[in-house]
Structures are given as C-alpha cells and as structure tokens.
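The chains carry the letters A, B and C, assigned in the order they are written, with residues numbered from 1 in each.
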Amino acid sequence: MKTLMMTGAALALTASAAFAQDVIRMGTEGAYPPYNYIDDNGELAGFEIELGNELCARAELTCEWVSNDWDSIIPNLVSSNYDTIMAGMSITDERDEVIDFTQNYYPPTESAYVGASEEADFEGGVVAAQTATIQAAHVAEGGAALIEFATPEETVAAVRNGEADAVFADYDFLKPIVDASGGELMFVGDPVPLGGGIGMGLRESDTELKETFDTIIGEMKEDGTLNEMLVKWFGEEITTY
Amino acid sequence: MFAFCTDPGTLDGLAWFACYLTTGKHLAFYGAFGTVLLLLAITAPAALLLGFGGAVAARSRIPPVSWIGKAYIAIVRGVPDIAFFLFFVIALDQGFEWIRHKIRCPDWDQPIRQGSDFIVCAEAKLPLSTAPQWVHETYGFLVAVLTFAIVFGAFAANVLYGAMRAVPRAQVETAEAYGLTRSQTFRRIIVPQMWVYALPGLSNLWMVLIKATPLLFLLGVEDIVYWARDLGGTKTPQFTDYPHGDWRMWYFLALLVFYLAFTKLSETVLDRLMTRLTRGQATLAGEAQRKAGA
Amino acid sequence: MSCWETLADYGLRSLGIGERLLPRSDFTLCQQVVLIGSGMIWNIYFGTLALLSGFFLATAVAVGKAARNPFARKASEWFILIFRGSPLFIQFFFAYFVFLSLKSSYPFFDPFTSAWLGALIVLFLNTAAYSGEIFYGALLSVPKGDLEAADAYGLTGWTRFRRITWPTMLRLAWPAYTNEAIFLFHATALVFFSGFPTRQQKGDALYYASYFADKTFNPFVPYPILAGYFILLTLTIIGIFGLANRRLNRHLPQARRGRLKLRMNLIR
C-alpha cells in the first residue's frame, strides 16, 4: 500500500506543477522493453522514459507521458494529441515525409533474427514481425513469408510456440529475451542494418520544440551522459556515440 | 502490497501468487474493470438519448429531418462497428477542435492543415495543453463514450422507432378524437406506452453493448483487454520481479468468465424488469400474468 | 499505372495471387479501392462458410433446447449461454491461445492457428449459438394447428419434422435470421484484429484499410471505402435473404406473403 500512496503523491505533485507552464506530452508505446515498457507498479519505465525525463529536465519543460497503441501512434501525433514520440521509432524516409525527427538518440543498429534452433529457416520460412515496422517491411520484401502481430511481445511468442520459424526485430529488444530463455531461443543468421537510428518524432510544424530537443540530445552525446544511459539499459556491447 | 513481497525471487507457491496478483500493474488491471462498468453506465443513457433523437427525427414530417434520421440509422447499421471505432475518435477530436478554433481564434491566419499536420490555435486545443494528465485521460474516455453512444444510438433509434409504431393505432385514433394535437399525442400517448414494446429490443441492445466493450482498447483507453494482453505476455527477469511464461490464455479465460457472469446477471435482472413492466399491459405476456394470478 | 493494371495486380492479392509487394508509396485511390475490395474476399469467405455450416448446428441446438431429454437440453443451453454471453472479440483471442497450446501437444491442430480454419471455427460456433436461439424461439411458435394437421395426415417423427415443423420454423425465424447473417458478416472484420495473425499480408478488408491508414497517415479515405463495401454487402445479403423468404412463403396467398419485414428484430 505504501508504494501506491507514494505514486499518488508524486502524481499530485506533477499535476500541480503542470498548471505552472506548458506541458509537453510525450507519446510512447509501453510494450517494447528495454526501450519503453510498463513496470510491475503499472508505470512507464525504460531507456526512453529515463532519457525523455532527462531531456525535459534540461530543457526546463514539464513533461507528461502518454502511452498509445503502436498502430495509431503517428496519426495521434499529427492531430496534436501529444507532442513527441519516443517509442523506439526508427528514422525512415517514409515516416520523415509525414513527421519530423530529431537527430538520433540511439545509434543506427542492427535488426536480427531469432529462432528456436540453429537451423531455423529465416530466409525462406515464416518470419514474425510487428505490424507497421521497418522490420515487417523488410521481411515482406525478402523471400520469407511474413506473419504479422500487433505487439512486439506476440512476435516472440510466435517463435516459442512454433507459429513462426524466426522473429525479426531490433537486436536490443531481442537480446534480453534470448539471454533469459535459457537456450530455448537463439540468434540466427547475420544482423541486418536497418533505418537511421532511433529519434524523437515531432510534428513538422513544431520546429521550435524540435530545435530544443535536438540541441539537448547533441549536448548529451558530447558530455557522455547519453552513453552512460545506453550502457545502463543495453549493456556493454552497445554502440555508443 | 504485503510486507513479505520485498523479495519475490525467494517466494514460491501461494505467497508468490499473492504478491504477483497485487502488483501495481495488477491493481491497474482490476481498476480497468471499473472503467468498463463506468463506460457502460454512461454510454447506455447517452445512447438512449441519441436513439430517441434519431427515432423522433426519422418520424418527422419534414422530409430532410426524416432523411437525416433514417440515414443515421441505416449507415451505422450497415457498417461494422469496428470500422467506426478506428477513425471516429480522431475525427471527433479534430471536429471539436476545429469548431473551437473557429470560435476562439477568428483572426488566425495560418492554415489548419499543414501537410499532414492538424494544427489549431493553443486556446482551441482540447483539452488545453496546460491541463493536467487526468483531464486528458477523462477527455479521451469521454470521446470513447461518445463514439460508443453514436454507434449504439443508431441501434437504439431503430428499436424506439419500431416501438413507437407498435403502439396500437386505436390509441392514437382515440387521442385524435379527443382533440389532442400531434405533439400532445406523442408526449402523452405514444412515449409512455412505447417502452413495453421497446424493452425486448433495448435489453438485447444492452447485451450487445456489454459485448462491445472489449473494443474499447481500439479507442486508446487502457481497458481490460489492454492489461490482459500486457500482463499475460512472457516476462523476462530483467524488467520485472515476477518473470513468467506465456499466460495470455489464462488472462483471457478470466475475461471470458467475467463477461459470462455479467451477461448472465443482466439477463436475470432484465427478465424481472420485463415481468414487472408487462403487468397489466394489453399484451400477450400481460394477459398470461393475469390468468396465472386469477 | 492505370487502374486496370492495379486491378490485375492486386485484385486477388488477399489470396496471395498477383503482385507480391503491397504498394508502399504514391498511393492512389484506385489502389485503396482495389486492395480493400480484395480483402472483402476473406470477409465473404468467413461469413458464407460460417453461416452455411452454422445453419445445421443451429437447427440441432434449437431442437436440443426444445427437447425433453434433460441432457440434450442442458448441453444446448450451456452452448448458447457461452457463445452468446461473451464477446466474440474475446472468443477469438481465447480460441487462438487454446489452439496454440493444443498444437504444441498434438500436431493435428497445426492448421487451427491459421485464421482460415481457426477463426472460421469460432465464427461457426458463434453463429450457431445465435441462430440456435432464434430458431428455438421460432420452434416454440410453430402453430399447434400445423402439428395437429400433420398428425391427421399420419406424419410422424423425422418426416413430420422435415416436412412440417422445420419449414414453419424457418419461415417464422427468417427475418431475425437475416439480421443474424448481416451481423455475422460484420463480425468477420474482427478476425485479423484479434488474436489471429496475418500471413504474407493476406488479410481481410479491414487489414488493408488499416494498412493504408497507417501508410498514408490519413484514416479518412480507407475507412469510408471499407464502410462502402460493407453497405454493399449488407444490401446483397438483404436481397438474397429476401429471395429465400419469397420461396419459403410461396404457398401463402399473395396478400399475406408481403415483403420481408426487417424491422422485427434489428440487433443481434
């Protein structure tokens, strides 16, 4: 009960502070650990949440997190239901036509295949990916048969229960899952570099806010705080800036 | 929740479950059942109101009004509700903001649609961007309620329209013979009597409404389906104190049982209500009660 | 690219025939209309097969619920309660997970996690329960005189059921059954939106509509197209059921035949 009351107090604090100045509403998915997820207390947590809070603190802005389904995450941004997206969203040309991105806060990394055995056929078999991601688009173009799920969690479950031969997703999303699976799941094939890293998405007309966050991300890259966060959430192997 | 939950890794069996089922996330899940009930409690009267309006419009003697009423009933009925849910929320939200924008910022010179962006002046935002989080959540919930009410209002309109026509013709003729005007007849004769004809349709509608609530998660509300999907998924030890495998089947079984119990309860209550309402009515069921009593 | 070429490339895309890749940029209205239409093939497939197969089970359930045998009656009542009392959406999710766990122990269940079979089974059971309740109501309303006439002619057992009870039951249930058919077709839109995954981007109309809504970031074009298709489908169903209704009532005097009264029971 204690924790509950604490969160209640924290909420009240943020709520009253919110009246003081404009609030930046930050959209995320809440289903993509370690980038963003919901912890045992039912609150948003993860690399992007920590980074987002730091960015807001440096910019002296009040920020509120909003979780939104991946499917409608961009339409809700452009119709101003929140102001930014930090949801492990890779910078692509397609998305860049509709929204703007800051410079990436997460280096261009690789997407990888995970299968249930060494022989998993990720080139011609059935490969699972989350709907409307760059990974789904990549599989659709290749020789494998794409099978789509609404959440990232379901794509991994599909490999476990034999629905798919392999899952194709961000390496860093898959890594903790493979580590915890005790040999049940493993990486197969070579990683594929996709996208231009992960950046914060904003409305194209919101140039001022984009400048602000862009500058701070630059600062954090230089002073090494961003690298520290990356290592904290993704381990020593992560490519840093 | 409990004192012994500080280190769940050491627990097993019942104690583990006691802690697991009382995490903050689970409490949010239980709270979501309240959200569903709240949605039903607000949507049902709202849909009835919209339905009444629709039925009155469809009966209107002014052709354009009656066309609007009939088109409303026909279009919503002809299209799967899920198709509405997928774009109504954004459409309604943008519609409201556009209207407020026109009223509050008459001298705004920039276009509202810039590329794919939809931008209104800060004063027209709904809710205002300075509003606290709970206002945003309430607003999102109310838009969801409105979407539900519009869709189910069309069904209710259909039921009420039929019920108004089911009131025996002789009753209306008698009213005319007494010199009542058309609106007096409507208020004093048709409306009081139509309910008994509408009740079977409305109770059916209530059941349909209950069964439509899982679609709430399409409207961006964190409802029971959202939480069940999240909680049931495989959890790795890095991000939780309670790692477990794929338990989605059990969570959805729980939802299934919840809905079964809820519809069964509703059915029982509605049956009793029907029995009460038909007492003394000049219908077959009313007659049967009279005979049974005699 | 002309619209005819688009039709040739994507007309049967939902079945995996034609162009392999979905359009990814420069979306035209024609592409949206063609692909969403292509997806309707699946909605029609699910609706038609579930309705046809469900019809027979529904008759059995209705007869079972009206039977004197307590075992048959209880079984039918529970079946109807479970499928009518819970949301189809949850049924899809739950069925998918059940099929998954069955599949891991029995290879026989392999195809059941695919929508074409698994979702069809759920829809079949679902519509059987709803129609079963409708048929049961109609069965109780079969005029006593009809049955007495059958007795007078010496018809008994199966012959009496097939020639007297069943046709009358259908005739009485038809308007409500038409509604059930309409709602069943609407319900097919839920298939790929719940537990069942989409394979090789072969989805139903709603899948393609949301694909375009996602790619163009504009929901105001694809969903109205989808709505248009469903209105056409609804009108077609009403037409076909109206014809069947005429046939069912063909022995009645012209004046009593009338048109199918759809206003009776407008919701599921």
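Throughout what follows, contacts are C-beta pairs under 8 Å (C-beta built on N, C-alpha and C of every residue); 3 or more make two chains touch, one makes a residue touch a chain.
Not measured: the values here are computed from a predicted model.
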item: Intersection of contact partners for chain A and chain C; value: B
item: Chain separated most widely from chain A, comparing mean CA positions; value: C
item: Distance-to-centre winner among chains (Cα means, whole assembly as reference); value: B
item: Centre-of-Cα separation between chain C and chain A, whole angstrom; value: 39
item: Whole-Å separation of chain centres (CA-atom averages), chain A against chain B; value: 33
item: Separation of chain B from chain C, taking each centre as the mean of its C-alpha atoms, in whole Å; value: 24
item: Junction residues of chain A, two or more chains touched; value: 75, 78, 98, 154, 161
item: Multi-partner residues of chain C (each touching 2 or more other chains); value: 100-101, 210, 213, 217-219
item: Where chain B touches two or more other chains, by residue; value: 90, 116, 218, 248
item: Partner chain A, residues of chain B touching it in the complex; value: 1, 23-28, 90, 93-94, 97, 114-120, 125, 129-134, 136, 217-218, 220, 222, 229-230, 233-234, 236-243, 246, 248
item: Residues on chain C engaged by chain A in the complex (per definition of touch); value: 21-22, 24-25, 100-101, 103-104, 113, 197-201, 210-211, 213-215, 217-219
item: Footprint of chain B on chain C - complex, ascending; value: 81-82, 84-91, 93-94, 97-98, 100-101, 186-187, 189-190, 193, 206, 209-210, 213, 217-220, 223, 226-227, 230-231, 234-235, 263-268
item: Chain B residues within the chain C interface of the complex; value: 75, 77-83, 86-87, 90-91, 116, 155, 158-159, 162, 201, 204-205, 207-208, 210-215, 218, 225, 248-249, 252-253, 255-256, 259-260, 263-264
item: Residues on chain A engaged by chain C in the complex (per definition of touch); value: 71, 74-75, 78, 94, 98, 126, 128, 131-132, 137, 140-141, 145-149, 154, 158, 161-163
